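Working notes, beginning with the structure itself.
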Amino acid sequence: GSKTGENDSAGGVTADTSGDTVKVGLLNSLSGTMAISEVTVRDAIMLAVEEINAAGGVLGKKIAPVGEDGASDWPTFAEKAEKLIKVDRVAAVFGCWTSASRKAVKPVFEENKALLFYPVQYEGLEQSPYIFYTGATTNQQIVPGLDYLKAQGKKSVYLVGSDYVFPRTANKIIKAYAEANGLKVLGEDYAPLGSTEFGTIVNKVKASKAEAVFNTLNGDSNVAFFKEYKSAGLTAASMPVVSVSIAEEEVKSIGTQYLAGQLTAWNYYQTTSGAANDKFVKAYKAKFGADKPTSDPMEAAYVSVYLWKAMVEKAGSFDVEKVKGAADGVTFEAPEGLVTIDGATQHIHKTARIGKIGDDGLITEVWNSGGPVKPDPYLKGYTWATGLS
Amino acid sequence: MKALTEMNPRLRAGLGFGLGAVVLFAAAPALLTDFRLSLLAKYLCFAIVAVGIGLAWGRGGLLTLGQGVFFGLGGYAMAMHLKLADAGEGNMPDFMELYGQLDELPAWWAPFANPAFALAATVLLPMLVAFGLGSLVFRRRVRGAYFAILSQALAAAMVILLIGQQGTTGGTNGLTDIEGFFGYDLDDPVNQRMVYFIIAGVLLALLALTRQLMHSRYGELLVAVRDSEERVRFLGYNPANVKLVAYVVAAGMAGLAGALFVPAVGIISPALIGIVPSIEFVIGVAVGGRAALLGPVLGAVAVAWAKTALSERFPGTWTYLQGAMFVLVVAFLPGGLASLWGLVKRRREATVPPTPPAEQPVLVKEAAA
Amino acid sequence: MTVILGQLFTGVSIGAVLLLIALGLALTFGQMNVINMAHGEFIMAGAYTTYVLQQTITDAGLSLLVALPIAFAVAGAMGVLLEWALIRRLYTRPLDTLLVTWGVSLMLQQLARDIFGAPNVQTAAPDILTESTSLGADLSIANSRLFILGLVVLAVAALTAALKFTPLGRRIRAVVQNRDLAAVSGIPTGRVDRLTFFIGSGLAGVAGVALTLLGPIGPTMGTNIIIDAFLVVVVGGIGQLKGSVIVAFVLGMLQAMVEYLTTLSVAKVIVFIAIVAFLQWRPQGLFTLRTRSLA
Amino acid sequence: MSETAGGLRIRGLRVAFDGFVAVDGVDLDVAPGDIRFLIGPNGAGKTTLVDAVTGLVKATGSALFGEQELLGREVHRIARLGVGRTFQTAALFEELTVLQNLDIAAGAGRSPWTMLRRRGAVPDDVAYALETIGLADRRDVLAGTLAHGQKQWLEIGMLLVQNARLLLLDEPVAGMSHEEREATGELLGKVAGERTVVVIEHDMDFLRRFARTVTVLHAGKVLSEGTVAQVQADPKVQEVYLGHATGEPAAQGAEA
Amino acid sequence: MMLRIEGVFAGYGRSTVLHGVDVTVDDGTVTAVLGHNGAGKSTLLRAAIGLLRPKQGMVLFGGEDVTKLPPHVRVARGMAYVPQGQQCFPHLTTAENLQLVADGRRGGRQAMASALELFPALHGLMRRRAGLLSGGQRQQLAIARALITRPKLLLLDEPTEGIQPNVVAEIEQAVLSLAGVDGLSVLLVEQHLGFALRAAHRYHVLESGRVTSSGAGGTGAEPAVRAALTV
C-alpha cells in the first residue's frame, strides 16, 4: 500500500473503492481453540458474499473478501484488524466471536473510524459507534431463556460458564433477574476456556439439587460438560440445562446421546420455518456439504453482510459515516425472520426462540417471542437491572 | 570481510552498534509505513525479551519457558498506570465498574496511579518475582527439564489467576483501549513514532549491557555453571546465585519489554503471557541463535515478522509454514540463523587448500542445551 | 458424606486420566528425555482413529475395542516417524526436542483441521459407558471413568513389567543412560529408540481412544492437558514409573478436593503452588536415582 | 584468608548409604604440610571419605580443618575455607577454554564489581599454573576437547589457582604417562609445605616416590598407617591390597 | 589378520586427530598402543569400534571391511570394547549391566558366570546400582561386561586405570591367558609400560596421531619404547 494512504489515520482511513471491486475484511480464528466455531462463521460470510456478487454486487461493485486469521488470540485480532483497515483499506470488517476479541479490536475500529459487524450473541452493556451487533444482546436471548424457565415453574438454578467476560457478565445479569423474580441461584462455577475436566463441577451441580442449570460455557468445554453430566445420571427430565452457546454445530460434535431433551436459547435454528431459511440452508449445504448444519452465529454473520449491503445502497456510498447514518430502520428478510437495525444502539431487532434438542440432533422451537424484540443492550427497560451498568 | 573478522573485537562491536543504530533509527522509519513501523515496534519488544532469554538460556542453560509471566508483570504494571491515567484522578478504569461492580479502586491498584512507582514496578516487580522463585528453585537444584516444565507451569498458573479475577484484572480481555502515554495521545502517529524510538533505544542499550555481561568474568562463570554446576560449587561459588543473577536480569528485561509493548500495541492480556507466547519467545531465540548476542534479536524479529507475513499471505495454512520453520531451524541449524554466517565462512575456507589440520583451532563443540 | 465420596472418586478418575496421558510421556520423556510437545497430537490421532473406525464399524462397543489396538499402532507409527525424522538428531540436546516437537504439534493440528475440519467430531459410546453405576443413595460413579481406571491399571502393569523384567526394558534404560556404551555393548541403539518411541506414542493413542468417552474430539484436544501430564512425570521423578503413578493420583485428588472447596482456577493455582513446594522438599521428584557423577 | 596451612583432623567419620556403611568410624590426622597417601582396595571408601570432607555426602563424626569443622557445611562454603579437590573422573567446564577454567577457579573471592568486568591481562597465578601444567600453548582451546590426561592436569592447575590449603586429590595421575607422573609428583612436593595434601592413588610406584605418610583403608576402616616401608611390609596390606606377587609388586613395579 | 586399521584419518568436528594410522592385530595376539596423553590412542579405538567414522581409511575385521558398520554390528561380529574412564549404565544394577549384554546371547548365562570369576569383588555388588560403585569397581564391571560377549577381538583402553594392584595383576594374567588359550586378540592401550610390554606381541607408539615407531613386544623392548616416547 502507499505510504501516504496508510498514514492518513487521524481522520480515519477511507476505504479504497477506486476499482470495480470493494474490499471487505473477514476476521475469524482459523487456528487455535476458537477455530472450531469461527470457521463456520467464515463459511457463512463467504456464502453471502458469493450470493451478493452473483446478483451484481454492491453499488455495482463486486465484493472482494480479504481473509485474516485471528488465531484465537485477542491481540492478534487487533493487529489483523488494523492491517485490514490500513493496508487493505476495506470498507467493512465481518467477524470476531468471543467478546474478548471484540474488546481487543474495538479501539482499533474507533480510532480508525472503520466498521465492524459482530455476529455473535454477547453480554450487552456495550455500544461502540463503529460496531454493528447482529447477534443477540441479553434481552433477546438470556432474559427470554430465564422467562421460559420461570414459566416452567423452576424455582432454582445453578450457573455454569466459561471464565471470561461474556459468561461472567451474563451471570451477573441472571443473578439480578433471579433476585427480582424469586429464582434461587444455588451456585456459580467457571471453567477456563478449553477446560475439559468437569467432574467436580458436575458433582457440585448434582449436590445442589437445583431445578435447572443455566449454561454459558463456550467451545470445547461443552462436550466434556455434557458427557460428565449424563455420566452423573443427570437428565433433561431431572435437571434441564439451558444453554446459550451450543448450536447445531456443537450438538453435532457433542453427540445427541448426551444432549437429547436439553434446551437452548437462540434467535435462529436450522429448523426455523420460512422461505428465507429454506433458501439459506439449501445454499449452505450445497456449498459446504449436506452434513453441515447451519447455526445462529452463522446466520447472524450471513445476515450482517446483507445488512451492510442494504445500508450502503441506502446511503449510496461506502463512506463509513454515511453508511452509519443510513442504518436506522434498514430491514432484511433474514432466515430467522425479519430483522431491523436499531440506529440508536446499532443492534438489531431479533426474534427470541427457545429450542429443544431432538434425538436427531436438530433443535426444534418450543417457544418464541412472537415477533422481533427491540434490542436493549443496557437493559434500560428492566427495573431489576438498574445498577448493572 | 576478512578484515572484519580480524578487527579488534571492541571496535567491531562499536561498528555493529553503529550499524544497528542506523538501521533502527534512520532506515526503518524512513522505509516503513506507520502501520509497519508500529509492528516493528512490537517485534522489538519481543527482541528485548529475547536478549534476556539469550543470556539465561544461551549462556546459563536455564530454559525458561515462563518469560511471558515477567513480560506480563511489566505490561500489566504499565497498563494499570495508563488505565488509571486515562480514567483521570479519582476515577476507576472503565472495565472495573462494568464487570467488577467495585465501588472503589482495589488497594493493590492504588499505588500504580503514581507514575514513578509504576515505572519502577515494570522492571522491579518481575525481578522480584524472579528472585523469589529463583531463590527457591535454584537453591534446591531444580534444573534442566524440571526447571523448564516448572517455569511453563508458572505461566499457565499466572494466566489462570489473571483470568479468574476479571473484575480487577480485566480477565481474558486484559487491559485494553489504552489511549494515553504519560500525557501523550497514542492515537497520534507522531507519538507512536516516539514510542518506537524509545523501544529501539532501550533495545540497543540492553544489548550493550548484555554484551558487557557476557564478556565479563561473570559471563564465563555463567557458562561454567551451565556446564557443571557441581564443579563450580567445589570452587567456592554458590551456583544458585550465579543463575539467579541471569534469571533476574532476564526477568527485568522481559518486564521492561512488556511495559513498552503496552503503549506500542495498546493492549496487554493473558493471551500474551501464557504458555504459547512464552514458548514462542524461546523459539525466536533458538531460531536466531541462542548463544550469540545478536542471534536472539534477529530470531525474535524474524519469527514475529514471519508470523505476520505468513498469516497475511496464507491465512488458512500459515501454521504449517510456521511449524516447519521451527522444526527445520532448531533441528538442523542448532546454532540458529546467527551460525549461517559461520557456515558460509567455513565453506569458503574448505575450498582453500587444507592447512595441516593439527594446527587448526579446534572447533567449538555444539552448544549443548 | 456422599459428596466427599463422590469427590474422592472424581479425584481418582482425574488421576487416572492424567496417568493415562503421562504414561507414554513416562517412556519418551522419563526414559528417553525427549520433551515431546506433540504427544497431545498423538492423543488426538488416537481419538480421530476411533472416529474414523466408527464410520465403518457402527457398533459403538465393538469399534471402541477395535480402536484400542489400532490407535496404538497409528499413534505409535507417527511416533516412529517423528523419531526417525527428527528426534534421533536431538539426543545430545534434549531441551531442543521441546521446541522442535512444538513445531510438529502446530503442523499436526493444522493437518487435523484440514482433514477432519475445524469443528469437533463426535463418536458414539456404547450405552453402558455413558451410564453410571449407583453405589447407594446419592452416590453413583460413571462407568466411563471406571473403564478408564481399568485401562490405566492394565497399561501400568504391562509397562512396569516390560521395563523391569524384560531384556527390552533393560535395553531401553541402558540406551538412555549411556548411548555410546550401549552401542559398543552390542545394542542396536537406533532400533531401541524407535521401539521405545513407538510404545510411548502408542500409549498416547490409547489415551486418545479413552478420552473420546470424556471430552471433545477436535484439533486442539491435545493441548489442554499436556502440561499437567508433564508435571506428573517431573514431580514423580524422571524415569520413575511408580512416581508418576502416585503423583497422578495425588494431584487428581488434590485438584478435586480444592476445587470442591474453591473454584477450578483457584484449584489449579494451588496445585501449582503445591508442586513448587514439593520440589523444594524433593527437587528431583518423588523418587530419584542418584549417581555419584557430577553431571 | 590466612596463609598458614592447617592440618586435617578426622574423628569417628561414618558414612552410610541405605544401610550400607561405606566409611565406618575413621580417625585420621594429617599434619600441616604433609603429603598423605590414602590407599586401599577398590570400594574401600577412599573417595567417599573425600566426599564427606568436602560436603558432597552426609556424614557423622567430625572433620576439622585447622580450627574449622567441615561436616555439615555446604559444599561451596567448605571450598571457601580453603579445601580443594579433584575428581576421579575429570570434571571441567568443557565449553570454556583452558584459560577460562583456570580464571574461574582463581576467582571465588572476587568482588561483584570485578566479576562484572572483563578479564584484562592473564592473572599471574593463572599464567604460572598454565606453565606448570604444560598447557600454556593450549590455553585458548576448549577444555572439552582435551585428552583424558590433559584434563587431569587442568584440574590440578585449577586447584593451584584456587589457592586451596588442603588439597584432596582423587587418583590425580591415573592415565598419565611415566614422565608426567614424575612431573606431577614433583609439583606436589613443591606445593606441599604451605599446603596440606591428601592423595588417593593405586600406583604404588608413584606412592613410593612421593608419599611422606600412608594410610590404608579397608572396608571403611583404617587398616594400617605409617611410612611407605611400614605399610608395604604390613602383611594385612599385602593380603587385601598389594597381592602376594613375589619380587616386584605386580604391574607398576616394572617401571621403577 | 584379526584387525587391520589402514590409513585412518579421524577426528572431531573440523579437527583431525589421527593422520593416516596403520595398525594391525594378528590372530590370537596382543598389540599394544602406547603414547602420551592426547596422542590419539583413545581416538584410534573409537574409530576401530565404530563410534567415530574415519574421514579416510579403512577398518578391516577378520578380513572384512567394517568401516561403515555401526558399533553394535561390529560387536555382533566379535569385537568388544572397554572404553576409558570406568563407564557404566549408572541407573542399572551391576547385575543388570551384565545381564544386558548376556540377553539373547547363546550361552550368555555361562559367559556371565565366567566373566564374574575374574572379578570376585563384583559378587557382593550385584544388586547395587552401577552409578554408586567406586571407580575401581566400575572398571572391573566394564571389563567383565566386555568379556561376556566372548569376543574374538578385545579393545582395551587403559583397563588398569584406577584398579588396586593385586587386581591389576589378575587382569594382566587374564589378558595373557585369554590371548594364549582362547585365541582372543587384544588391542591394548596402556600407560603402564611394564604391563603393556609383558602382554604385547607387538607395540606401536603413537605421537600426535601418527605411528612413529613399532616393534616386537616383551620386556626387552622397554628401552626402545622409552626412547621413542621421550623424543
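Side notes on the structure shown:
The letters A, B, C, D and E name the chains in turn, as written, and every chain counts its residues from 1.
To be clear about the criterion, a contact is a pair of C-beta atoms (placed from the backbone, for glycine too) under 8 Å apart; a residue touches a chain by one contact, two chains touch by 3 or more.
For reference, the UniProt names are B = Urea ABC transporter permease subunit UrtC; C = Urea ABC transporter permease subunit UrtB; D = Urea ABC transporter ATP-binding protein UrtD; E = Urea ABC transporter ATP-binding subunit UrtE.
All of these numbers come straight from a predicted model, not from anything done at the bench.
Number of steps on the shortest path from chain B to chain D, with steps defined by chain touch: 1.
Centroid distances built from C-alpha atoms place E farthest away from chain B. Averaged C-alpha coordinates give centres for chain B and chain C that are 32 Å from one another.
Each chain gets a centre from the mean of its Cα atoms; for chain C and chain D, those two points are 47 Å apart.
Centre-to-centre separation between chain A and chain D, using Cα means, comes to 75 Å. Chain E has its Cα centroid 50 Å from the Cα centroid of chain B. Looking at chain C, one finds that residues 109-110, 263, 265, 268, 292-294 touch two or more other chains.
With touch defined as above, residues shared between interfaces to two or more other chains in chain A number as follows: 30-31, 163, 190, 192.
Contact of a single residue of chain D with at least two other chains is seen at positions 47, 87, 89, 91, 145. Contact residues of chain E toward chain D in the complex are 12, 15, 36-39, 42, 84-86, 121, 125, 128, 132-137, 139-140, 158, 160-169, 172, 191-195, 197-198, 219, 222, 229-230.
Interface residues of chain B facing chain C in the complex, by the touch rule stated above, are 63, 65, 133, 136-137, 140-142, 144-146, 148-150, 152-154, 156-157, 160-161, 163-164, 228, 230-231, 275, 279, 282-283, 286, 317, 319-320, 322-327, 330-332, 334, 366, 368-369. Looking at the complex, you find that chain D touches chain B at residues 54, 74-76, 79-80, 84-85, 87, 91-96, 100-101, 103-105, 107-110, 114-119, 140-142, 144-145, 158, 162. By the touch criterion stated above, chain C contacts chain A in their complex at residues 3, 6-7, 10, 13-14, 17, 109-110, 113, 117-125, 127, 130-132, 134, 138, 140, 142-145, 213-221, 223-225, 255-256, 259-260, 263-265, 267-268. Listing the residues of chain C that touch chain B in their complex gives 29, 33, 35, 86, 89-90, 92-96, 98-100, 102-107, 109-111, 114, 227, 230-231, 234, 238, 263, 265-266, 268-269, 272-273, 275-276, 279-280, 283-285, 294-295.
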